[in-house]
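Each chain gets a letter, A, B and C, in the order it is written, and its residues are counted from 1.
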Amino acid sequence: MPTHALASNGARALRLPGLARLGGIALWWATPVAFVALWWLASAQRWFPPQLVVPPDRLAATLRTLLDTGELRDNLLITLHRLALGFAIGATSGAAFGILLARSRLFADYLRPTFDLLRQVPTLTLIPLLILLIGVDEPLKLVVVGKAVFFPVALAAYTGVHDAPRDLVEMARHYGLGRFALLCDVLLPAALPPLLTGVRIALARAWLALVAVELLSADSGIGQMMELARQMLRLDVVLIDVAVIGLIGFAIDRSIALVQRYALRWQTPAR
Amino acid sequence: MKHTLSLASLRRPLRALFAALPFAAASLAAPAAHADDAPKVVRIAVVAYSSGGKTQYAGASALIDADKSLEKALAARHVKLQWVPVSTAAVGTLVNEAFTNGSIDFAGYGDLPSVVVNASGTHTRLIVPGGVGSNTYLVVPAGSTAKSIVDLKGKRIALNRGRPWEVTFSKLLAQNGLKLSDFKIYNLDPQAGAAAVAAGRVDGFFTLSDAYSLVDKNVGKIIWSTKTAPEDWKMRAELWASDDFVRRYPDVTQLVATTYVRAAHWISQPQNRDAYVKILSASGQPESVVRREYADEATPWKEQWTPLFTPALTGHYRDVVAYSRQAGLTSTPVDVNTLLAPTFVSTALKQLGLDGYWRTDAARVASR
Amino acid sequence: MTLAKPPFSFAPMRRRARGLVVPAVLVAAWQYASSGDAAHQYAFVPLQQVGAALVELARSGELATDLGASLRRTTLGLAAGIVFGLVFGAAMARSTLARKLGEPAFQALRYVPLLGLIPLLSLWAGTGEFAKVFIIALAAFYPMTTASFDGLRRVDPRYVELAQSYRLTRAGLWRDVLIPGALPDLFAGVLQAVPFAWITATSSELLFNAGAGVGGLMQNAQAGARADVLLVCVLGVTALAVGMSALCERIAQRALRWRDHA
């Protein structure tokens, strides 16, 4: 094990390779550990009132309560359900739209300019207007998530199909592949990489939009739970909600990344 | 939702106020020989309506800002006065956060949020009560057939949680044998709630006098209000101070308290009623809305502004504390007696020679 | 014109015209919806009213004040976020130690939607200018750090070796190899950061204490149920976001002209 190349900033590495590796890995934990230590110290020493810096044990107790009463789980499930439903609607319609856009000149003529225009309207800014137009029930959340998902997915599908290598398409035609078979066996696989990227972006945006709309106007869900906690000055609940929201966002993103890696195993290196 | 000030309309009453100023100043120049350290700045949070970068304050604070008496009195002690505007959309939350992180010393705001902040561990004291309180209204869409809250059972209601009128709403429900869980409650701020009921997106909306605006626009109608309810159902707003500040600077606290009592005295005089209504209607709410809020009141105008600490006041806060525990908004008990700081008002009344100006009799103990 | 070429065709114009059909239909549908009862009119405000609202806002100076305030905050936040992001990303790219120390903290907050941080921020930092600018800076910080990190990582190591063989100083290395090499990624980062920061600015104002700002304007519009003003705001924010992106793209193209490959 080379003991010189791993060090940074010109520092000399230890002679013992095992220790160097351990030290290297340990450093990754340095910041989180330092942060927790500082937090614990600040609350123990009462540098700030406990309302501003929640003592770690209080946080743990609140977490336990939230889990026991099921409040966290129930709200989270509601939010995730909205995400799933909105995603399903937005992604399927978006993919279909994108494919049509790429394959049909006529469709593109009619719809491309509108698509480009609407795509630019930021979802977050629309929320107050949508509240007026659609109300505050489930449809509002579904529309918000749907919109956030539809456009990136449609664009990605369009790009994927549009940029499918010409020679593959022509070869398929040459072999007499029908329209449907062409779609399934040539175009979709070709579009998969950009499509997955689009899905990843779409989910990140949808998560942001969903949390925002729940903060601004919901009767249930984790965003609403956080807003109510804020109004009741329950910083501990707010912190837990923020952590959960971040973890879910992370989990979603990593899952798609895994799917991406798996689905693209067969890809030729040229891509 | 009361708003503020256009100086031009205030010229005559202001002149009267200024005439009283030397008298008031003399009484305020009480023995200041204490060696208290004084704060550098007194920060008072006040509900404000802002549009286009201009901010207009609500109620008594608008008066006090206009005549600058507090500013001058504080300046005489080398203390600056800083008004901290808070938007009506989320007064309780913003003021409570500000008390918690120590960025304000006083606030004019409502009863439920004050209880919430004390339950959370940040202590505040009630320095000057704000009068009998404000009316709350139940609004339904213009085309609705609902005649009372009972008709709305199971339907969608826009109710901003944590705001003072939530307690009134719970009293209305209790009176009709209903519970909060009998409805789908949408925690929308008053603006969003107004929009929602106007568009028929919710079936009911519980709020303050902004309800009249919806009626005027023909998009809503009022089917219930506290005008037909016992007096202590009204939502209350008072002048609160951080406990820390009161402990450290009782003199300055007294100064501020006396100013607010004096403002209440000015407003309570029947000849100033019109001027005050004009102040409130100078922003946001049209004059007709303000007039209707104050019309048909059982209590005479003068008594509506009483800053006295009555048993009714204590009872009201006991109700608020009990409600907040029961609704799960707070989990720590709050002792109402530690909230109230009546000495500042008594001293102020003596200083201003207003002892006995407002009724202290049991007639105000009310209607439970 | 000889007849060997195809005669003048209406095809391109026809295709253009087709693109206008759907928008026209949508506008017509909107106007139809707005002719309904009062409840409908509340939301589906007639388009001429939207125009009138725009004029009213502009004339009263309200638009200028609010827009100016939001733009000012956004510029400040962007400047801070971009600078910090650049430096942070660069540090992580060049130094493994920095990466080990910085990346966990970076990743921890990355997946939290920024608006979700506002309840935390308002308690710790209040709701004044600092908090508002801070959130905008955060919005710009994240894409910029990623772009800076990726960009510097991607600089062809051969150039770095070349620079070392020429005994280029640290400063020279940065000036002549690293920064130019990372420039396309850096610009891509800025291109992402700018519209995102602008949108974060206007939406976060909805959750903060309103002062001057587009978010404050939207809050007041909600209060008065002015759907026309809300529509003006939506269109305005969109237009500015698009404009900012276009501007950045233009600048990027200019700055990267000397490259003969992407």
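Remarks
Here, a contact is a pair of C-beta atoms (placed from the backbone, for glycine too) under 8 Å apart; a residue touches a chain by one contact, two chains touch by 3 or more.
Fair warning: this is a prediction, and the values are worked out from it, not measured in the lab.
Between subunit A and subunit C, the least number of touching-chain steps is 1.
Of all chain pairs, the one linked by the most C-beta contacts is A-C. The mean-CA centres of subunit A and subunit C are about 19 angstrom from one another, to the nearest whole unit. Centre-to-centre separation of subunit B and subunit C, using mean CA positions: 40 Å. As a whole-number value, the distance joining the C-alpha centres of subunit A and subunit B reads 43 Å. Taken residue by residue, subunit A touches two or more other chains at 51-52, 128, 131-133, 216, 227, 230, 233, whereas all remaining positions touch fewer.
Shared contact sites, meaning residues of subunit C that touch two or more other chains, fall at 42-43, 122-124, 222, 225.
Shared interface positions of subunit B, defined as residues touching 2 or more other chains, are 90, 93, 97, 100-101, 192, 195, 199. Across the complex, subunit C meets subunit B through its residues 38-39, 42-43, 60-62, 65-66, 69, 122-127, 209-212, 216, 219-220, 222-225.
By the touch criterion stated above, subunit B contacts subunit C in their complex at residues 50-53, 55, 85-90, 93-94, 97-98, 100-101, 103, 141-143, 190-192, 194-195, 198-200, 217-219, 284. Subunit A makes touch with subunit B in their complex at residues 49-52, 128, 131-137, 216-219, 224, 227-228, 230-234. For subunit C in complex with subunit A, the touching residues are 15, 18-23, 26, 42-44, 95-98, 100-105, 107-120, 122-124, 195, 199-200, 202-203, 206-207, 218, 221-222, 225, 227, 230-231, 233-234, 237-238, 241-242. Of all residues in subunit B, those touching subunit A in their complex are 90, 92-93, 96-97, 100-101, 116-117, 120-122, 156, 158, 161-162, 184-188, 192, 195-196, 199, 201-202, 329-330.
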